[in-house]
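Each of the two complexes below includes chain A, the first together with chain B, the second together with chain C.
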Partner chain A sequence: MKYLYFPGCSAEATAKPYDASARACAKALGIELVDLEDWNCCGSTSYFSIRELESFGVSARNLAIAQEMGGHDLVATCNACYTVLAKTNRYFAEDATLHAEINEALAAAGRRYDGKVRVRHFMDVLINDVGLDEITARVKRRLTDLRVACYYGCQYSRPMGTFDDPEFPTTMDRLVEAIGGDPVDYPVKTKCCGGMLMLTQEDAALKLCHELLAVAAREQADVIIAACPLCEMNVEAYQPLVNKAYGTDFHIPVMYFTQLLGVALGIDAHTLMLDKQIVPVDRVLAKVPA
Partner chain B sequence: MAEEKIAVYVCHCGTNIGGKVDVEKVVAWAAGQPNVAVAREYKYMCSDPGQDLIKQDIQKLGVNRVVVAACSPTMHEPTFRKAAADAGLNPFLLQMANIREHCSWVTEDRDQATEKAKRILSAQIHRLPHNQPLEPIEVPVNSDVLVVGGGIAGIEAALKLAQAGKKVYLVERKPSIGGHMAMFDKTFPTLDCAACILTPKMSAVGKDPNIELLAYSEVEEVDGYVGNFTVKVRKKPRYVNTDTCTGCAACMDACVVRKVPNEFDQGLSKRTAIYIPFPQAVPLRATIDPDNCLTLRGKKCKQPCVAACGPKAIDFDQKDEVVELKVGAIIVATGFELWDPRQEERYGYGRLDNVITSLEFERLSNASGPTGGHIVCKNGEPPKAVAILHCVGSRDENYQEFCSRVCCMYSLKFSHLIKEHLPETDVYQLYIDMRCYGKGYEEFYKRIMDEGVYFVRGRAAEVTDVALNPEEQGRLVVKVEDTLLGVVRRIPVDMVILSSGLSPAHDAKEVAQTFGFGCSANGFYLERHPKLEPVSTVTDGIFVAGACQYPKDIPDTVAQAGAAAAGALALVDNATVKVEPTVSYIDPEKCAGCHICVGVCPHSAIQYNEEKGVAEVIEAACKGCGVCVAACPAGVPQQRGFLDEQIFAEIEGALAV
Partner chain C sequence: MVELETPEGVRELHRIFLEDVYGIPGGEKIRLCQQCGTCTGSCPTSYLMDYGPREVFAFFRAGMLDKVVKSNTIWLCTSCYYCTVRCPAGIKITDIMYELKRLAIKYDCWPRESKNPAMSKIFIDNVEKYGRNYELGLMAKFVLTKRPDLAWKFKDLGLKLFTSGRLPVKPVSVKGQEEIRKITEVLAAKEVAQ
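Right after this comes the complex of A and B.
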């Protein structure tokens, strides 16, 4: 199984552990990830909100390179990268005017895109290409009795719902079950973490994070797992500020789902960069049989 | 044949045709066409004076071919053919030219519409000289009627027909008749109890000597044609002899399998493996559920039911049985299914306790239901607040676009029942629009408003158990944008009732196919005409009634069932029926006896005559589909009224303008 891989900007900064653990899991499961050459930022939500046409152009450049590299499937780990690339792809296929405009812009850089690439989420590849049975078969450390809150975030399956239900996704829960964990009922699984509001409207974002943490605590989750760098950071790093604002005492470990999968696959803590987590994950690891 | 004299009539149909087609111009052009003796226009050809024009020209001018350029032949061809026949002309010498549906309604430009009207008309003018007089085929009619589905629609239709002295077979898939209505508590807007008004009708069905009830049975195959249907019905084994069983329920007391979810109570209570679905069941006979009975599953059981049964009615060796019925007409009244709200994940049905469907609430508030009529949450406590969410699965482009028509009203009824049982409980109605269109409905709405129910205009966004404050702790929270206040609200409640829409039965398509008609885009059975033939189908002699055709409430269902019964009666009360003579004909001189047509005929209307070595058409059974015409390698079968020369002349005419 060979895929083109789009790491995304966060992978080089705050989400290094996501990138490292995804690559390690891929290797352990026989997935070959080939880095997209000379990739650029996907544009993310912020650029799209301000300059839509330019954003489509920026995003389409990545798709054009993927096409040049002969790639059919382009895999992203970050929810925002995945959604933006997939959205660009869809607009490209369905809006002939946009298609022409973008190709005019790409031509200036000597590129063109014909809509031949399929954008995939790394979870989609795990569930549908590798398969849960195969993953279960490769588990070295079953996460027996570990209570896991699966936090999908807003851009995991919405709006398109390509590989999971847009309103109530369950793929991450099924992955956790496949590696022996116990996914708790987490009704806020697709609720927003506040995103970049944490920098501009801190109180609004803290309110949202408080809800996410409170439900995880209510369900006695040992760990929250996330599929998006921004989700992971907000829910993990802002626990002290949430505690201050709401008089709570949350110290809930938060990990990327690829890190938890890596633990189950027997990958060492250093490779998975577990030591980089802000809330220590020792308690989680202690519950997993060696 | 004498010289052809064609009369042409172009209808304005008010402005339907006249607004787009220059009728005067078309008439002037038609007058100059070959064989046309007279060309006229008229405002409404279908009116009596319009029809009189045709009659007068036939009688006074000696016109012997007629073309009426007006609406679709499915609309008024019978009208004009009858007028021609009244004036002494064979009705098959009259053709319709559809310049309304095929032309004026679908063409923007007036000049183009006028040109197109000429072409459509020209096709028929060229065809007419090739038309031959045909005589209708008269066949005897079987006066028995089959009603399929034992809900209120089927019950009503069966009773009406039986009252008219007809023999009725009533087939019901479940062990008892009664349908959904038997599950209801009260009925809107009069609040009379459903059981009180339904059970007398159910028992009347059971007692009527003219009605043969085939419960726990399904129609498998329908063959034949109007007035003469042959129907195969599979009677499923009850494993109980219905002749000796008295419905005493002693077997139910004895049965050791006691935890089967009770379908009649929507799974809110348990039943035994041998069961009578509800105390008023008709027929009042026990049935053994083969999926749960230990003996039938090949497990060990001491069979206490056998010991308990006084009349020794239990028979584990019973097999299913196929019976063949001969009937003249069929009424299909197979009902609806509740839309499954599991699909709308946001509302948490199946995931959150105390989120229930409307049908579950019907059972909960019913005195004979699982709680004896006490409205309680799962923990046995009465709810302090209840939210009723409208339009779940209805008026929603993601699921069903249509309005299910009954949910607003039953939601109002629920509010009243909650207020009646629990006056201190708050009730919230979350609605998009209140649709209270029936007799006494708006008044009922006003009454419920006066009872202190809260009406919140907005479609619920989500139901969650995530509490944000102490008041919400341990309860359900409904999130909704109140579009009248312009704010997003969180309403804490203890019970959420999902007013699920009505869906076509899961096998509606297959059932429709069995009876030879189709389904509308929304999946409900397709009637012949939505306004003028709401109970007929494209298959002559087969009618539809009730919610299988479209969601409807009890008053509308009963009215439609009566109409279907009248339709069936108007057919089977005759000794004979005329069927269209546009059937296939096989010339015995030309047939080589290869059997190909015998094999392709979907209606078994062609038989092979061993003696003569040729294929022969059974005219009464032929439906004029033309399959044999296309299949014969020698081109021998010809379909009357659609002969090759007629079709070719029509094409030439269309291209001649």
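Right after this comes the complex of A and C.
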């Protein structure tokens, strides 16, 4: 199985562990990820919401490169990259005016796009192309009795809901079950973490993170797993500020779902960058049989 | 200079808004709002908004969009898309929030206490300069220029990220920077023309 891979800007900084663990899991599962050549920012929510047309163009440059590389499927790990690229792809297909405008801009840069690429989330590839049975067969360390809160975030399946339900997705829970873990009841699994409000209006974001942490604690989760760099950062790194604001004492380990999958596949902690988490994950690893 | 203080100015705002919204695939559904309030009830930040999303559509119908573009409402939208997937009329509310953000910037009438427009501006500058987001640069520039109080609050976290190698000092530039410049140049000219 061969795919073009879009790492996304966070993969080079705060979300390095997501990138490293996704690559390691892919290798262990026989998925070949070929990096998209000279990829640029997906357009991102910040760019999209202020300069729409330019951001469609910037986003489409990635799709044009994927098409030139002969790729059919372009795989992203970051929820926001996935949603922005997929949204550009959909609007490009649905709106003839936008289609023409984007190609006029791409032509100025010596490129063109014909809508031949399919944008996919890494989870979609795991569930639908590799398959849960195959993943179960490759498990080396079953996560027996590990209580996992699956935090999908907003842009995992909203707005499009291509590979999972926009309101109540289940793919991550099913993956956790397939590797022997115990997904806890987590009704806030698609609630917002506050996103960029953490820097611009942190009270609002801390309130949302508090709820995500409180429900995980109530369900006695050993770990929260995430599928988006911004979700992971907000829920993990700001726990001291949540504790200060709400008089709580949360120290809940948070990691990317690919890191937890990597543990089950027998990949070493260093490769998965588990030593780079902010809340130590030793307690989680200690619970998993070697 | 775009003007919002006269009835003609407000009518012009409505004209531009509708033209842009109708340009979104499915944008014409904005007429179908039945004021049910599902959007406001689903919104994680509506409790902080001057007007919830439902009221935005009520203001739109009443010809009072000038109130909305000056409000804090649009800057509290986190793009979670709950309203969009739940709207029984199929209105793409998140996309409409984006359009209102663009109009607030165009008319330069966003509430000055909101730091979100500044954050977006720094983000866009990064992408146009490097082709990718430069996370350390984004955080440092935003904190130093807009929220110096956060420097102290976030110091432990910043240090941890830095020492664990999760905040590289240098930005990464794409080779195709010239391509990005040309793409945005062509499209910026179109946006102005509209």
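One rule holds in what follows: the second predicted complex is superposed on the first by the 290 of 290 C-alpha atoms of A that agree within 3 Å, B and C clash if a C-alpha of one lies under 4 Å from a C-alpha of the other, contacts with A are read in each partner's own complex, and residues count from 1 in each chain.
By our rule, a contact is a pair of C-beta atoms (placed from the backbone, for glycine too) under 8 Å apart; a residue touches a chain by one contact, two chains touch by 3 or more.
All values reported here derive from a predicted model rather than from experimental measurement.
Using the contact criterion defined above for the overlaid structures, shared-chain residue A:208 touches chain C, although it does not reach chain B.
Contact comparison for chain A: of chain B and chain C, C touches the greater number of residues. In the superposition on chain A, A:106 contacts chain C only, with no contact to chain B.
Applying the stated contact rule after C-alpha superposition, one finds that A:144 touches neither chain B nor chain C. When the two complexes are overlaid on their common chain A, residue A:188 makes contact with chain B while staying clear of chain C. Look at A:128: by the touch rule set out above, it reaches neither chain B nor chain C.
When the two complexes are overlaid on their common chain A, residue A:168 makes contact with chain B while staying clear of chain C. In the superposition on chain A, contact is made by A:39 with chain C only, not with chain B. Counting contacts by the rule stated earlier, residues 167 of chain A appear in both its interface with chain B and its interface with chain C.
Taken in their complex, chain B has these residues touching chain A: 345-346, 348, 351, 464-466, 468.
Those residues of chain A lying in contact with chain C across their complex are 9-10, 12-17, 38-41, 44-54, 56-58, 61, 91, 94-95, 97, 101-102, 104-106, 108-111, 154-155, 158-159, 161, 166-167, 191-192, 194-197, 199-202, 204, 208, 237-238, 240-241, 275-276, 278. For chain C in complex with chain A, the residues that touch the partner chain are 23, 25, 44-45, 48, 75-82, 84-86, 92, 94, 97-99, 101-102, 105, 114-117, 119-121, 123-124, 127, 131-136, 139, 142-143, 147, 150, 153, 156-157, 160-161, 164-168, 172, 174-176, 178-180, 182-188, 190-191. Chain A contributes residues 165, 167-168, 185, 187-188, 211, 214-215 to its touches with chain B in the complex.
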